[in-house]
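In the part that follows, the structures are each spelled out as structure tokens.
Each of the next two complexes has subunit A plus one other chain: subunit B in the first, subunit C in the second.
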Partner chain A sequence: MTTTTAEAPTRRDTGDLLFRTLTGGWIFLLLIVLLSIFLVLRPEQFGSAYNVQQLTINAAIFLVLAVGQTYVIISAGIDLSVGSVLVFSSVVSSKLMLYLAGDGGTSFGTTDAGWGIILVGVAAAVLAGMAWGLLNGFLIAVARIPALIVTLGTMGMALGGAQILSDGVDVRAMPERLVNDIGAGSIAGIPVLVLIAALCVVVAGIVLHKTRYGLQVFAVGSHIEAARRSGIAVNRRLISVYALSGAMAGIAAVMANARFGTTTINGHVMDNLTTISAVVLGGTSLFGGAGSVFGTVVGVFIPIILLNGFVIMGIPPFWQTVAMGAVLILAVWVDQLKRRLRKRG
Partner chain B sequence: MTTPLLEATDIHRTFGHVQALRGANFSVMPNEIVALIGDNGAGKSTLVKILSGADRPDTGSIRVAGETMHFGSPYDAQQAGIATVFQDLALAPDLPPAENLFLGRELVRPGFAGRLGFLDRRAMRERAAEQFQRLGVHLKSDRVAIETLSGGQRQSVAIARAAMWAQRVIILDEPTAALGVVQTQRVLDLAKRVRDQGISVVLISHNMPQVLDVADRVQVLRLGQTVANLDASSASVDDLVREMTSGTAEEAA
Partner chain C sequence: MKWSQSRWVLGLILVSLSLSSVQAQEKGRVSLVLGTKGSPFYQSLQCGAMARADELGLDLSVSAPNRFAADSQIPVINAVAATQPDVAVIVPTDMQALVMPVRQLAQRGSQIITVDQTLADTSLVETQILTDNEEGGRMAARQMAELLADGGKVLVITQPPGSIAQDARTQGFEAQLGTQAGFDYLGAQYQANDPQKAAEIVTSTLSAHPDLAGIFATNDQGAIGAVTGLRQAGALGRVKMIAYDAASAEVAALKNGAIDALIAQDPAQEGRVAMDSAAALINGETLPATTLTDIVVLTADDPAQADQYEYQADCL
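Our next item is the complex of A and B:
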């Protein structure tokens, strides 16, 4: 009755791959093209070990934030609060470490706090970030307030909270071990900050793309009602992605403290838009249900490499801002073309 | 006489001052396709929502294989072996067919990796392919998002999914309303195959020739009441239309 559908896996897979490269992978190609151009034009400066190290260190904090944002956007949400949550977590963490080190009054320099205290500081940052994320998730999933509004609200609240805790003045005293061994340290020639970011990216990528939890995040973002009716715990999934994004902001807070040796209260106003554009640039749909962590990594590196290349080439860095805006619009346009094309096919 | 797989007796449901159902009866026997027909507003969708756990009756009873049931949610109905394909299909448009078939019931790998929640996509694809083959559903690729499929194919995936998890009955609310001739025929063939696999099908349709072609039995609702229960092989389109528009239940009641 039913004929066995003869499979031609190899041909179909290459066709599939070609389709995905042409549609989804174009931004990856853009990255390769940019790298090649700069490498050909200025091989010594652009390709130097030092430059590569600086590039990856610059990317590290954004990578961690953007990975959390990827989960949120795939679930058809948005998290505008990441930068403020980072600031809040960094203030809480650094204040706590100062207090534990018995140097509550120190206003700059370094403390000789041990790894135990640093560990407590890390935990505090992650928990504080996660707490904001849980609040976001609860308001979005249970109280059903739009994500844009909720995270806009908590963006203000977290930044204000950080300023209240710190009187608006950056905490400039950090544990020396944190700054030296994590902020400036490296293992086997790779900066520790980059290793942390890589670990976050790999784990988050595996969980999103290989586990049942990850697939359910996609399902929730693709069609929330379908997910709910098929028995997926939609609210728990939603709350968890915002909690994850908050926790990632907490990790990023520790990385920022370690890198700069101070909190950076006024330095993260644009983090939300930077990460959102990286995620979208990486092919994750703003409508939810489709995207990848790998794409986000590419999306984080494009503006950084563009800026770096422009600086090395002597092009005024302002052009990077212009170029980035154009690339972002292009990315969303391609995404929509792709969707229209798929729907017709 | 065999016990019906699914039996609803004297169902009443009122919305404000609208009496959507006022004494509806409905039964599904093993291995049959039952059509549920009625004019617009007769109460078909309301009855289906009650049978699928999405709504609760004011009074009346539901029995599954002779056992009285109170469905609190569609999930309860699914547990009892009854799955419904509503018109919005409830598929995740961005995910491939296999992932949709296993939505909420994803397969994980055996052993430790499984306990960590690692998916067994290969097993999901294989079992999905088996299910599609069993039901004669042909898809060009098993990797592409559902939204790239045609309306009929999406409908087929939704039905295949319902048939995969419902042990007893699947309910289709106007499955062919938005489809062309060829795709309509495919979906009806699919309904027959589902029945031949041992799962009964409830079909809601406004298309009378189609109903007579595919159904074994036809139950007619009029103004919230069941007015006829006909053998499809001996009924004509005229019979159905007469029952829908001028049934005699009110005099009989």
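Our next item is the complex of A and C:
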């Protein structure tokens, strides 16, 4: 659709091509500018291998969540429940692994559960996440309740469910292999968490932009009635999109368990807004039908790099909050200008 | 437009470069990572630390996450680690999730001090600066006995389980209350830093127990909400109210009689002690494993003392 820009450059003149790269890649340019400013100001601190690695690890969990959110928003929906579904899945997964490892009493530290148990835990997290996603999708597509309300509701239900399962107390005992090999481990110098995120991004990007399924998601978000009349199984597409978002939250839950070495029930409150703003920053339309996974990746990194750079430069905390809000509005404003220009010309 | 933009960026770069050259002096570099932005308690801690850092000639930079949660704080700690300060003073927001980031910080050559909260693995930590939260809870229960000579029904409003400090306050309070005759403990209700929720808890508890005699709120948000709930139900003064901390709203409520006693910490002192400890570490001294700072009971009889302990961000 509109985002697969590389299709017919020959038909347009070079001026148009330049215009498109500058506007379409605007947010990417912003990322490059931010990186250059911080690199010039604090080269040995911001540019250190350590810092770059930390930046990517900090982005990893958000990347996985935001990819699911991209599908949902392109289909003209919204998923507010991702953070709570992450918490729910992490509690289900860690409780199950703890039970299977037969090490119920400990409240701290690690268990020596093997890879078999960890795999079961991963499957449980993904299935739990997907179950919430299916519920979201069913209520939105079949029961025709607005996505905002449905996912606001399941946001509360999933968090409450996690608190019921755990009595509100974080599960502290994680399998040692999960924490050491996945949470803190790396393969060929690249952190495993980052590899998982990259894999999710690449697969999701290919499916969205290169398959018929992806095209149908765009179509549903672009004009749901037109999609229905052209023979797309709209309800099934919608349900599958929310199920995907839920499953991504399940994967992110495993990553969070591995990274933190504990469940984080009181965290992830803002994950929904963080991912939505990343998706919008990346140029995906909140009204559906247009967007890209690559844009979302850029959108995830911008606030993370801002925060990192601001802390390194010692900018006072309150100003950081102001600056990040301003960047979001600025980016979306430029995006709107771009769309208007394109419509006119 | 592009041209003016790039000039603007260049200007920004120049300004920041001149700022950074001022910083590059041979002083001890200390980073302080607070628990969350905008909390009077941590701002007061920050002010105490900044004042003392000035006196000691330390180069102090302060940062804080948006929320009091591990996932919000870890990126901040990572960024601090990239700057490799001599000493990092951390308020760990989760005793387990912060172990790994703090370990990386230590591996990159920073010495670690924790303030206010603790880590599960203290082997990385040079000293922890703490208050005795359980004792604070016991002090609240003793104060309750002074206010209610005949005992009565008592409610606790606290955070959901998982906050070590607030759990300890509740445990201390429950243990001490159990030894005091005549008290009927109604249990703890949870609010997650949400005054609205605390107000609802108080009004609905009053519906179930019109003879409610006392409330202990383990933090300022709970206290503010509880006072709102009591006012709404017309039960101010009839129900005795004790709360932890000394945020401005709590001190004001203490002075106008809505709160009967406050259990106050001294965050500015924690900040000063943290900087003293940091300076000592830079000079190669060793420190005790824990340093306890004061907790005091504030009552309406002594408004001067309440003013002295009020959590104030007087330097920002």
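As a working rule, the second predicted complex is superposed on the first by the 326 of 345 C-alpha atoms of A that agree within 3 Å, B and C clash if a C-alpha of one lies under 4 Å from a C-alpha of the other, contacts with A are read in each partner's own complex, and residues count from 1 in each chain.
Simple rule for what comes next: a residue touches a chain if its C-beta (ideal position, glycine included) is under 8 Å from a C-beta of that chain, and two chains touch if they have at least 3 such contacts.
Remember, it's a predicted structure, so these values are computed and weren't measured experimentally.
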More subunit A residues in contact - subunit B or subunit C: C
Contacts of A:Ile232 with subunit B and subunit C, given as first, second, both or neither: first
Which of subunit B and subunit C A:Gln163 touches, first, second, both or neither: second
Touching partner for A:Val334 - first (subunit B), second (subunit C), both, neither: neither
Touched partner set for A:Ser222, first subunit B, second subunit C, both or neither: first
Partner chain(s) touched by A:Ile37 [first = subunit B, second = subunit C, both, neither]: second
First, second, both or neither for A:Gly289, with subunit B first and subunit C second: first
Which of subunit B and subunit C A:Tyr213 touches, first, second, both or neither: first
Those residues of subunit A which subunit B touches in one complex and subunit C touches in the other: none
Residues of subunit A touching subunit C in the complex: 33, 37, 40-42, 45-46, 48, 50-51, 54-55, 57-58, 61, 108-109, 163, 167-170, 172, 183-184, 256, 259-262, 264-271, 304, 307-309, 311-314, 316-318, 321
In the complex, subunit C residues that touch subunit A: 9, 12-13, 16-17, 20, 23, 34, 37-38, 61-64, 66-72, 74-76, 78-84, 94, 96-97, 99-100, 104, 108, 120, 160-162, 190, 192
Residues on subunit A engaged by subunit B in the complex (per definition of touch): 1-2, 4-5, 12, 16, 210-213, 215-216, 218-219, 221-223, 225-227, 229-232, 285, 288-290, 342-343, 345
Complex contact set, residues of subunit B against subunit A: 74-75, 78, 88-95, 99, 103-106, 108, 116-119, 129, 133-134, 136, 138, 141, 143-145, 147-148
